[in-house]
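Structures incoming, each one as structure tokens.
Each of the next two complexes has subunit A plus one more chain, namely subunit B in the first and subunit C in the second.
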Partner chain A sequence: MIRGVIIMNDQGKPRLIKFYEFQPVEKQHELVRSIYRILCSRAENVSNFVKVDSLFGPDVRLVYKTFATLYFVFVFDNSENELAMLDLMQVFVETLDKCFSNVCELDVVFNFSKVHTILDEIILGGQVLETSSSEVVKAVEEISKMERNANSILPASWQGR
Partner chain B sequence: MGSQGGFGQSKEFLDLIKSIGEARSKAEEDRIVLREIETLKARLSDPNTPKFKLKEYLIRLLYVEMLGHDASFGYIHAVKMTHDDNLLLKRTGYLTVTLFLNEDHDLIILIVNTIQKDLKSDNYLVVCAALNAVCRLINEETIPAVLPQVVELLGHQKEAVRKKAVMALHRFSQRSPGSVSHLLSNFRKRLCDNDPGVMGATLCPLFDLITLDVDKYKDLVVSFVNILKQVAERRLPKSYDYHQMPAPFIQIKLLKILAVLGSGDKKASEQMYTILGDIMRKGDSTSNIGNAILYECICCVSSLHPNAKLLEAAADAISKFLKSDSHNLKYLGIAALSRLIKISPDIAEQHQLAVIDCLEDPDDTLKRKTFELLYKMTKSSNVEVIVDRMIEYMISISDNHYKTEIASRCVELAEQFAPSNQWFIQTMNKVFEHAGDLVNAKVAHNLMRLIAEGFGEDDDTADSQLRSSAVESYLRIMGEPKLPSAFLQVICWVLGEYGTADGKYSASYITGKLCDVAEAHSADDTVKAYAVTALLKIYSFEIAAGRTVDILSECQSLIEELLASNSTDLQQRAYELQAILNVDAHAVEKIMPINSTCDDIEIDKNLAFLDGYVQQSLENGAEPYIPESERSGMLSISSFMTHEDHEPSTHTLRFEAYELPKPSLPPNAPPSSTELVPVTELSYVADIFQPTTSLPSASDSAASELKLRLDGVQKKWGRAHLLLPCPTHHFKQRHCEDSK
Partner chain C sequence: MAVVPSLMDSLFQRSIDDVIKGLRLCPPGTESIFISKSLDEIRREIKSTDPQTKATALHKLTYLHSLHSAEMSWAAFHSVELSSSAAHSYKRVAFLSASLSFNPSTTQVILLLTHQLRKDLSSANPHDVSLALSTLSAICNPDLARDLTPDVFALLASGKPFVRKKAIAAVLRVFEQYPDAVRVCFKRVVENLESDDMGILSAVVGLFCELTEKEPRSYLPLAPEFYKILVDCRNNWVLIKVIKIFAKLAPLEPRLGKRVVEPICDHMARTGAKSLAFECVRMIVTSLSEYDSAVKLAVAKLREFLLEDDPNLKYLGLQGLTIVSKTNMWAVLENKELVVKALSDVDVNIKVEALRLVMCMVSEDNVMEISRILISQALKSDPEFCNEILGHVLLTCSRNFYEVVFDFDWYVSFLGEMARIPHCRKGNEIENQLVDIGMRVKDARVQLVHIARELVIDPALLGNSFIHGVLGAAAWVSGEYIELSRNPFEIMEALLQPRTSLLTPSVRAVYIQSAFKVLTFCLSLYLKLSVDTVASQLLSDTELDNGNGNVVVASSSMHRFTKESFVNLMNLVETNLGPLAGSNEVEVQERASNVLGLIKLIKLIVFGSEGDNVKGEVEASEMVKLIFDAFSEDLGPVSVNAQERVPIPDGLVLKENLGDLDDICGGDTEFSLPSSFSIVKLQKMDAAGTSDCTSKEESETLTESTSLLAEHRKRHGLYYLSSENAGTVSNDYPPAIDPKDKDADEAEDLARLTEESLVIKKKPNQARIRPVVVKLDDGEGFNVSAKKREVEGGDLISGAVQEVLLGNEATATSSSSRKRESSKKSRERNKQQHGHGKERKSQSTGKDKEHDGQGQREKPKRKSRQRGDGGALPAQSSVIPDFLL
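And now, the complex of A and B:
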């Protein structure tokens, strides 16, 4: 299963942390810091996989990829295929790109809850739920629409920005 | 900033993020965040804050927690928001709750009701939001509360809901297998769902279940093969294609399942050969996902009953991976190779060069994977090269976790395949020198035992050669600074046992060296202990051999120092050493026989050799021995009724401690309203005397104590205030008065 998804920037500042097995806040930060340290020490043009059994237990590894200023990290155990995880990350990023038209770090920060919504459509409880980015976009749009409708019954001053 | 739908945030939030982004130091950032926490605290608890503002505050709170600050004060607001009827607010509530709480958090109980209600909602998005929360927040205790609804949702008309319901059920079976064991047939049913997405989702729980119990699912082999065939032949809707591959993620999951089902099962394997061959033949090695499928095929082939054709295809694919320029593919090649060599060991030889190349690669992940492969490839013919490379690498890395792993692998390989004793000792020396404090203490003991026992063959000359070479290498190494403690212990032990055994080195030379070690590591008591015991052995062997013992002055001063040591262990060893120096050769030989570390010590548990002595003493009028359990005075230990029985006869003091009070439940009866005595104290008193409560109290002699015991009884049954002993009673009364 997938143990966690982390997005952080190249300074090590977390932009999204989601673990599929509960981790207390302090532990989350320790893990993010350790992962950041590992990623920093990696040279360019090497593989995207790192074994992280010292942090998460036997047979756990992560795949990472940088997109502009962001590190995307998927942590998973040996019931997943490394290359497939890399592609799943691609699906995630593609979806973000479609939803935010040319995604950048600020989009992720400001639309934090939407990024979570997107991720929840792709991975549920540590298992891959959907791998087609157009399906995910469709689902997220539907949610947005419903939420807008819900929003429209709010007092006008609270609608959007 | 593209604010989409309801996801936009206010200017305040924007400013917060900006100021955090511009913060120059961690301290400045912390100040900003703490100020934000104060703001949020005030606003969240303000009853006049409009609901829709609350939503943003919760998101901000989430952000604050992500930055590592405590946000627990706001959890309750997140819980409250899940109760809202507005979808936007509800979803925000669920999102924050799933990120804030774990499934055992006390607040969960407040959400279960809402989840139950939402699972029945007409709006499928509400149902989906609730299912998301179910996956994260429901624990073993709360599963029954939502289980019926989740099962019902497996038949929901929307495929998105069915998919999530499958996942939720899977989560339950992970959490608490027993609670859903009767529902597992639902997964089989969903495998035939007419939506491929739902079918794909069902593969996740099935994979887990099959891994746990293969035999139960053998009947599904045909179905899985058929599904895989349909997918590979592009019979799924185009929308499931990814980079021109038909539903690759489903294919990969299926291949994983087939690997488990076919492992060690010839009949099942044979059903899979055709489709595997087809997929590998058609495989697309230009795209990432194509290679992922190829790799999964190799994994599957190597776990099935072997098939020559498929193995050949797998070997071809591996060589393509290894020759690739991409590090990811090289990594997969190595990983695939280490699976395949299990069933076809010769394939490794063809790729030896490529594998060795990977060791030179700057990529650490690749190197580690390669060492894992090499570890599996090691034979007696290549052990020297491989272990040398491993040690070289071990020295170069600083990650202790991994260093330990490599060190223990080196040891294991060396023990298993060592071509010569000399090499073995040298290898172990290197491992100990560089990772001595990381390897398991057992390894050190194994090494000592190995040197003592030799290699098991009954070849004494080989054994003594081994020992001599060990002694020689240790004498060379031991002068080096910063040797790990474990290694020094081995050195001292070996020098003590075998330092003078072959006559090459004199006793005074060895003892001098041992003293140097003890002096150089004066802070390490264990090393000193090993050193002084080694001294003792050397001296005893000298005495036993009839040579005069000439104690070096440095040894003398070491012994004297240890005689006054703070450590009793060191003192004892020093005294023993001193004592042995004054014993004659014959006795010393008995105490410290040469080369006898491996002899088994037979223990005469009946002490039969004392029989004659005992008999003689009895004849001389000694009292016969009475086993402990039969001694009258000792009865008090085993039975708690001693006082009544023995008080008249034995007027001695009892020295045995009372049994420790067991932690027990508070008294059964609820305390009366006036009772202000802390419950724990009550139960403590009651407990000490509890054993006696079961006894009829007949003897008057123990009357004063009986009162105390009755106290236990009374408390136990609740009418404590009637017959309480004084101290507690007073305490109570005082409290009562206070409260008046």
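And now, the complex of A and C:
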């Protein structure tokens, strides 16, 4: 299963932290820092997998990829295929790109809850739910539309831009 | 102070964007001030009765909690409150905050969410349902799982695929937290294996992939369903998961492997997706390694991966090879050049995998060549990888008592070479091996002493603190086997050189102790000129040790000891160790005093009175003989089980006597006999005493001085024992197996001989016989303890699964909650079984399928009467045969 999804920038600042097994928030940040230390020591154009047994227990690996200023990180165990995880990350990034049309770090920064909503459509409880970005976009747009209609009177400033 | 939020607060409330912008504008270092200010605002706003204000406050708080680790357990109740809002947007904020901040085992208010979650799970709005499901899976605890099982059960058959797949994904947590839910939901989950919707199929196969991870055997009865998916499905995500399931099931049921090997090879050949191809390869090499043709195909695929430019594929290809290497070594040898090339890749992942593979290839034929290549690689590499290489080489060469090492002279020199590599941080391991080889391999000692000399004598090495351990080992070797040294003077000078002050005290103590041994040795040689006994024994000793030219030269050079040179030696020791007698380090101080004390004694006796010279020397030689005897007792490795090997003397029947002891100590007898107790005890002590004596070296008598010195050695066991033993051995008994033990040696030789005859055919050029490595046949090495069985949720789940799949009512693990719902459940179960049977019949096209369906239910029922508790194994393996025929 997928143990966690993390987005952070190239300074190590977390932009999204989602663990699928409960971790106290201090522990989450500690893990993010450890992962950042590992990632920033890695050269460019090398393989995207890192063994993180020391952080998460036996047989846990992570796959990461850099998109512009952001690191995307998926932490997963033996029940997942490494290359499939890379593909899933691609799906996630593609979906963000479609939802924010040309996604950049600022979009992720200012749309905390929408990014979570998108992720929830792709992964639930560490299980992969949806692998088609257009399906995810459809669901997310449905939610936004539904909320807009219900709240049309109220200034829902936090809704997705 | 409770400040009621005013209208102003609501009107001028900062939005989440304002908070984020504020945080971004903060000068570095002032963020925490800004955050605590925001938290103060939030505390006020969150109490508002206006849901908009409350939602915004909670949203800000969740953001600060998740990304800036602000504390928010205090706000848990507000999440619960807001979750009941009719507006989806507020509900979403509430549930997001709950799933990011609630601790399933400690957050009390989770129970208050039960009702709201139930309401949302049965909502007509699919997005409400999906929100509730993902929240449930994030905060699920046993109570929540128990209470919501019926609702999740209903959703498992939902008409909306969007909802159903989420319910399937969420049910995993429910099972984990409340295994009894399996009895309710499992049939429905299984039914979903027949779904045409890829989302649902993918979710349910993913669920089984997680479940089989824990206890695969329980899911064997579902093999036909999985097989159908494997053959019919064309979705890569689903296929990857189903192959993972078969990778778990196939080893349990050999016939299953036969059945799936073909479709898997087909997928591997057909697919363009690297992920699926790699999963097929991994499946074949882990679980189907006995199917040669399949393994060949898989290895060919791995080769394709290795030839790719993409580092990810190269890395996975190497990982695949590592798995194959355990069963099919040829696969690695076939790709040898690619593996060696990967050693100099830029990617550290690839390098490490390649290194691991190179180490698999090591055999006694190529160990020298491979080591040479690796060391030159290590010299070129960065420090981290260099040490990775050294660690692997050391581990591989020492594996199973230096199994692959044929030429110990080479290996010992190689160890010395490794210690000198500038980045070397493996001093500890090298140190252990140097000492270990000294004790185990007699024939290697000459070379070992030679290498130790080079290490000890080089003043430059003393500056490198990372190899102090190695130097300690070298010093120990120099002292322990000084009789093999060509020039004891030189060694003495090396051990006392000024730069030894750079050593850590513990290593320095070893240096001084070694100097002590060297001194004793020289003394005995010197005294031999007048008194022959010591030397003759010594000479025979050395000659016995080695018929080699070296030693003859060595001992002949020692004949030229003059009184003058000896006095010089003693003066050298005295001047160098004199200041250390006042050292702050107890070990150093104590040992220095020992040496100085000996010198004082010798000087007094031998050189004290000119007239009484001869008598003095006789006296001295007596004393030196005692010390020297103590040192020349050969040290061997000590088995962990040494104590067990102490023979029980005749006449002592341990069991009976100890039984008596138990009776007496047990205290339930009315007449306690202190006298008989003491008798038993005496007997026991006696036995221990005799065995102690008998197991001691037969030739040597136990003198007081030897026992004292033996004690002294024991205290510094670190340098005498091999690494495996250090720390775990109680040294109460002397080594029960004497390394010189004839029986052991003969058996060893015989074993070697048979091996040799095989080996020689292979490579006739190796004329030398491999030196004997002393092994203690048991006890050493690792105690492979039986793998602990996981006793946790997984086991309970699989128990319930077995029960459902096999229709076995007897193995029920009773729990109070179950009883409560039992009537409802049994109704449910009957219904499900009925449905399942029907569906099976409808799906079965051939006669055998139908037969299979019946067989599944018939057989276990018969068996279930025989077995009382959990012995389900035989029953299960008989579950799927018809499908496999």
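One rule holds for everything that comes next: the second predicted complex is superposed on the first by the 153 of 161 C-alpha atoms of A that agree within 3 Å, B and C clash if a C-alpha of one lies under 4 Å from a C-alpha of the other, contacts with A are read in each partner's own complex, and residues count from 1 in each chain.
Going forward, a contact is a pair of C-beta atoms (placed from the backbone, for glycine too) under 8 Å apart; a residue touches a chain by one contact, two chains touch by 3 or more.
Nothing here was measured: the structure is a model prediction, and the numbers come from that model.
By the touch criterion defined above, A:Ser134 reaches subunit B but does not reach subunit C. In the superposition on chain A, contact is made by A:Phe100 with subunit B only, not with subunit C. Applying the stated contact rule after C-alpha superposition, one finds that A:Ile17 touches each of subunit B and subunit C.
More subunit A residues lie in contact with B than with the other chain of the pair subunit B and subunit C. Legend: residue contacts after superposition of the two complexes on their common chain; A:Phe110 is shown touching both subunit B and subunit C. In the superposed model, A:Asn78 makes contact with subunit C only, not with subunit B.
When the two structures are aligned on the shared chain, A:Ser54 is found in touch with subunit B, with no touch to subunit C. Taken together, the two structures place residues 14, 16-18, 22, 24-26, 29, 42-43, 45-50, 79, 81-84, 86-87, 109-110, 112-113, 116-117, 120, 124-125, 127-131, 139, 142-143, 146-147, 150-151, 154, 158 of subunit A in contact with subunit B in one case and with subunit C in the other. For subunit C in complex with subunit A, the touching residues are 15-17, 20, 24, 52, 56, 59, 62-63, 65-67, 69, 87-89, 92-93, 96, 100-101, 103-105, 125, 127, 130-131, 133-134, 137-138, 162, 165-166, 169-170, 172-173, 199, 202-203, 206-207, 209-210, 213, 236-237, 240-241, 244, 273-275, 278-279, 311-312, 314-316, 346-350. Touching subunit A in their complex are the following residues of subunit B: 1-11, 13-14, 17, 50, 52-53, 59, 62-63, 65-68, 70, 86-89, 91-92, 95, 99, 102-103, 123, 125, 132, 135-136, 160, 163-164, 167-168, 170-171, 197, 201, 204, 207-208, 211, 239-240, 242-243, 247-249, 252, 256, 288-289, 291-292, 295-296, 326-328, 330-332, 335, 361-366, 368-369, 399, 401-402. Those residues of subunit A that touch subunit B in the complex are listed here as 13-14, 16-18, 22, 24-26, 29, 42-43, 45-51, 53-54, 79, 81-84, 86-88, 90-91, 99-101, 106-107, 109-114, 116-117, 120, 124-125, 127-132, 134-135, 139, 142-151, 153-155, 158, 160-161. Every residue of subunit A that touches subunit C in the complex is listed here, in rising order: 1, 14-18, 20, 22, 24-26, 28-29, 42-43, 45-50, 78-79, 81-84, 86-87, 109-110, 112-113, 116-117, 120-121, 124-125, 127-131, 139, 142-143, 146-147, 150-151, 154, 156-159.
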